[in-house]
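You will see chain A twice below: alongside chain B first, and alongside chain C after that.
For the complex of A and B:
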């Protein structure tokens, strides 16, 4: 009996990517899971050791964890929600023909291609309570009578950082939706015109249904990215004042910076599980609606 | 043949003996040194010091200085990670507060024997060595003193004249001055000048400590009545509008910018800011030690140098650390940065004796101290203190509640 010859070439071709994936994603993730069951605080090396579920119990009893989780929820809902709405509007505008459209399309990408650290620093100065340009504009237009310390008070700090992340993410949605819009056959709109459909009807009966998959995928990606985002908040407020802008990712970062790696790992595992649950629900919804 | 073999053996044995007993010290040695610099001028100064040391030392030592940003203290964390990972420099600039982290992981070289045999040992005050021992929590010295900065109050004499305020001699006079100096200068109904440039963000614990001690408190227990009273004074300054409304997020850059732009009349920092202050105001800037209330305390900022345990040539590394502590390196660095030298000889140089800010630093030095150096201190400084204080300033917690949180955060069980 002749043995079947195994073709190794696919495995060889995929192996570099697989090795890199294992080294930079899988192993650190595995290490984080192991660390979450340990007292792993580098400031107290003599106490490093297995502690079972103590870290998990500790975070459930940590009011800052719950507060940060709530902030993460708001951060994602408002951040991604408004990014999507405004990105959609921008995509619709950029899909129309007008003079200088190419230039406008390029310029509108600037927030997306700017590094998060730079965005954080830039908006920090825009919001500055003493020298910020936003206060200056509001004062000149008579919108406010006194300067507002946007990032220095709890009531305004969180909305301020949310506005920044919205600004950063609009081009991503605009780009994705614009690509989707260009894939919709124009015949559908022509037929709708013949049937006498108005603009809203065309939007809700043709455009949005045809963009459904693009919207699902881009929103899911953005939810994960925004929930994990640290750079913008950290450079604007570092989570303050009084933890009012501390999302779970920022809390993880702060704890990691304080070298309490066990506790930070535990929180990051929790965040991963939450995002995984959101992703599963989301994808399940996509596939079930496709089956219908 | 036997003779040749014998000669060869003798030569070999002598060579082996010489190399093992340090006679090979003039072999070229490279020492890698890490440091941070607050501005390009300081950066250039360090490179000049290195160049001069490399050219003048007679032990064939070449120092390669690598600059990393201070980044609000992230420097220490970067150094820690690199050294833990098996890399890093031979020597590095350092802060006292990081000592427990490094010593707990056996990353610093013990300097006791080097200092004991060092001819310039007495050039540095014994009290500074004691502080280094205190920071390590042992009887050993792991840090080589380099320079210190004593916090004091900067003020604008012209603003004092305009409001009829004299330089405060007591803590209550200081609080009164904060109130009197807060003014609406253009009559538009809004405050233009705040009496006190409060630092509520990272690093603000140092000036804040002066309020605690002025009420008779200290850092061993944050829950005492005296400490709570000091905290209440701090809150009152903010709530009564004697400090900018941005204070909860104001760090070093902001308090200096506010003072230089005339938005605040007083602020607390050390001599390191004085060249910039003089450049902005000329003679219209001066300083006084934070005044005494029930007690008096100001923060002693510090910068030391350490030798890492992994350093391959500790004798050469100590030569370099000694040059920074008492040699030309000390003189040059302190002259440019305006920091207080640790070398007694350098302190006596005219450039330091004739400096009005140096005089205030020296005047404030007897009341200067440090925060408890514990393994929880760095997190307490970077995260717990600013957020707890912000909550109290913004009225989310009382002074008493805030102090209990700070106690729990620093003295972790």
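For the complex of A and C:
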């Protein structure tokens, strides 16, 4: 095709999306930075004004901030870690041929499309200390002798919410890895069979290396989503008891609900900066594949 | 002999682990459903029944008579439908530009939309709340529609450009050589082929808007609240209305599941394409 002057049409086509994006993402993000330098507590409207770095200093001296950061770390490590392992196993099973595979695949994805609120509330009911079904099952199998208020005591609350987030994330990993598995040429396995490789060798020498990029991208995405997730924890424990399930996102949300917008913005910026490291890895990957 | 051993390994390597997985993944839904059809006195009883002794739809009835669940349902429907229409329209235009034109700054513009996935939702929550409060649309459906486009537009652009890139460009070129304008070629040739993918993208946008909670709880009030907020409100000061809550939960996920099953094939193709490639 012939080359003309600069064609403006692609810019025109993108402009509606770009304008909305600038208005609802870019400006608010700038606003968040501005608010982090202000005392902006809607319950104390007379005191709203710039205070320099005071919010940042306050955060560094806030033991709850550090505790929430640590909880976020544990939440991501255990949450994403087990989502990955279990999702991987599920994908390996779903990749085999068996009766009713299509139906099983669809059905096992349902947790992924369930609203986070509902997930939180369903599990809260399962964990209930008086009428919860988990207590009943554990009692029947003799695992415990008396009922445990899973979400009401500090020792059990955090592991309980982690199990819930694992449950939510298994389908996502299974979906991504299954798609990756289907892209591996079967000749590789045939050749390995000829060479007499066993199942483990095939898994570690063929399957996992071939899935490297899929695993990398889906893990990065999942780390960001899990770190940012608010609705599941908030609807199970709201961060309690005694802040034992309060991740940084939940802390920001609680502060926002308490209308201390300046302090909440400052913390959300800290969270963004921390996640930026993960985000940069992800974007690098996207851009390198975009170039091909 | 060999065949028998084969079947046994199949049971242990496929069916047994599969059953455990399905039990874990699906039991919460089963339990929610069973809870929703139990009468009140069976619900709060010291012996737990795994299938109700008496089936009762009392909770569903009360949800609509004493709680007025229809209001949040219509609010959710309104917000999710309008978000879907807005997002699809502007994203389709942008995705077409990204996949069919070469232009300066393309990479950076695409990058702007992609980075969006990375922002914590709580980062935008606070300033959006302040902005909407100042311009007076807080607690209206507009507040939710606008805030949902923060993640639905970038996501739709990403998904739709992927679908478009896989579509051979030769058909459009042939039509344009025959004298069709670019717009005609788009409407007559691209749109019909792309329709299932647009539906899948729309279904995903609808689901995420229907399910969203964090923005919804801050940006709505009694009159404009959506289903997720309403469900949470069933937790009162006197304890939780588990019967009504689970009934509401079942009603909430039925439309989502139906949409998902229809859109599933295209959606999973589009979602996994980016990560699997390379």
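Note that in this section the second predicted complex is superposed on the first by the 276 of 292 C-alpha atoms of A that agree within 3 Å, B and C clash if a C-alpha of one lies under 4 Å from a C-alpha of the other, contacts with A are read in each partner's own complex, and residues count from 1 in each chain.
In the analysis below, contacts are C-beta pairs under 8 Å (C-beta built on N, C-alpha and C of every residue); 3 or more make two chains touch, one makes a residue touch a chain.
Owing to the predicted nature of the structure, the values given are computational and were not obtained by experimental measurement.
Visitor: A:116 in the overlay: touching chain B, chain C, both, or neither? Say first, second, both or neither.
Guide: second
Visitor: May I ask you to decide whether A:27 touches chain B, chain C, both, or neither, giving the answer as first, second, both or neither?
Guide: So A:27 only meets chain C here.
Visitor: Is A:77 in contact with chain B, with chain C, with both, or with neither (first, second, both, neither)?
Guide: Neither chain B nor chain C is touched by A:77.
Visitor: Once the two complexes are aligned on chain A, which partner has more residues of chain A within touching range, chain B or chain C?
Guide: The partner making contact with more of chain A's residues is C.
Visitor: Applying the document's definition of touch, where does A:46 land relative to chain B and chain C: first, second, both, or neither?
Guide: A:46 sits against chain B, while chain C stays out of touch.
Visitor: Per the contact definition in the header, classify A:11: touching chain B only (first), chain C only (second), both, or neither.
Guide: second
Visitor: Touching A:281, do we find chain B (first), chain C (second), both, or neither?
Guide: In the superposition, A:281 touches no partner, neither chain B nor chain C.
Visitor: Check the residue A:153 against both partner chains and state whether it touches chain B (first), chain C (second), both, or neither.
Guide: In the superposition, A:153 contacts chain B only.
Visitor: Please work out whether A:240 is in contact with chain B alone, chain C alone, both, or neither, and reply first, second, both or neither.
Guide: Only chain B; A:240 stays clear of chain C.
Visitor: Would you check which partner chain A:131 touches, where first means chain B only, second means chain C only, and both and neither mean what they say?
Guide: A:131 contacts both chain B and chain C.
Visitor: I'd like to check the shared interface: which positions of chain A are touched by both chain B and chain C across the two complexes?
Guide: 130-131, 257
Visitor: Which of the residues in chain B end up touching chain A in this complex?
Guide: 74, 77, 80, 84, 100-101, 104-105, 190, 200-202, 244-250, 254, 257-258, 261, 263, 375-376, 378-379, 382-383, 386-388, 390-391, 393-394, 396
Visitor: Which part of chain C faces chain A closely enough to touch in the complex?
Guide: 10, 13-15, 17-18, 21-22, 24-26, 28-29, 31-32, 35, 43-45, 48, 86, 89-91, 93-94, 96-98, 101, 103-104, 106-107, 109-131, 146-147, 149-150, 153-154, 157, 182, 207, 210-214, 218, 227-229, 231-232, 235, 240, 242, 245-246, 249, 252-253, 256-257, 260-261, 264, 268-269, 271-278
Visitor: Which positions of chain A touch chain B when the two form their complex?
Guide: Touching chain B: residues 42-46, 128-131, 145-147, 149, 151-154, 237-243, 246, 254, 257-260 of chain A.
Visitor: Chain C touches which residues of chain A in the complex?
Guide: Going by the criterion above, the answer is residues 6-7, 9-11, 13-14, 16-18, 20-21, 23-25, 27-29, 31-32, 35, 40, 86, 89-90, 93, 96, 98, 104, 106-111, 113-119, 121-126, 130-131, 133, 136, 167, 170-171, 175-176, 179-180, 183, 213-214, 217-218, 221, 224, 227-228, 230-231, 234-235, 249, 252-253, 256-257, 261, 264-265, 268-269, 271-272, 275-276, 278-279, 282-283, 286-287, 289-290, 292.
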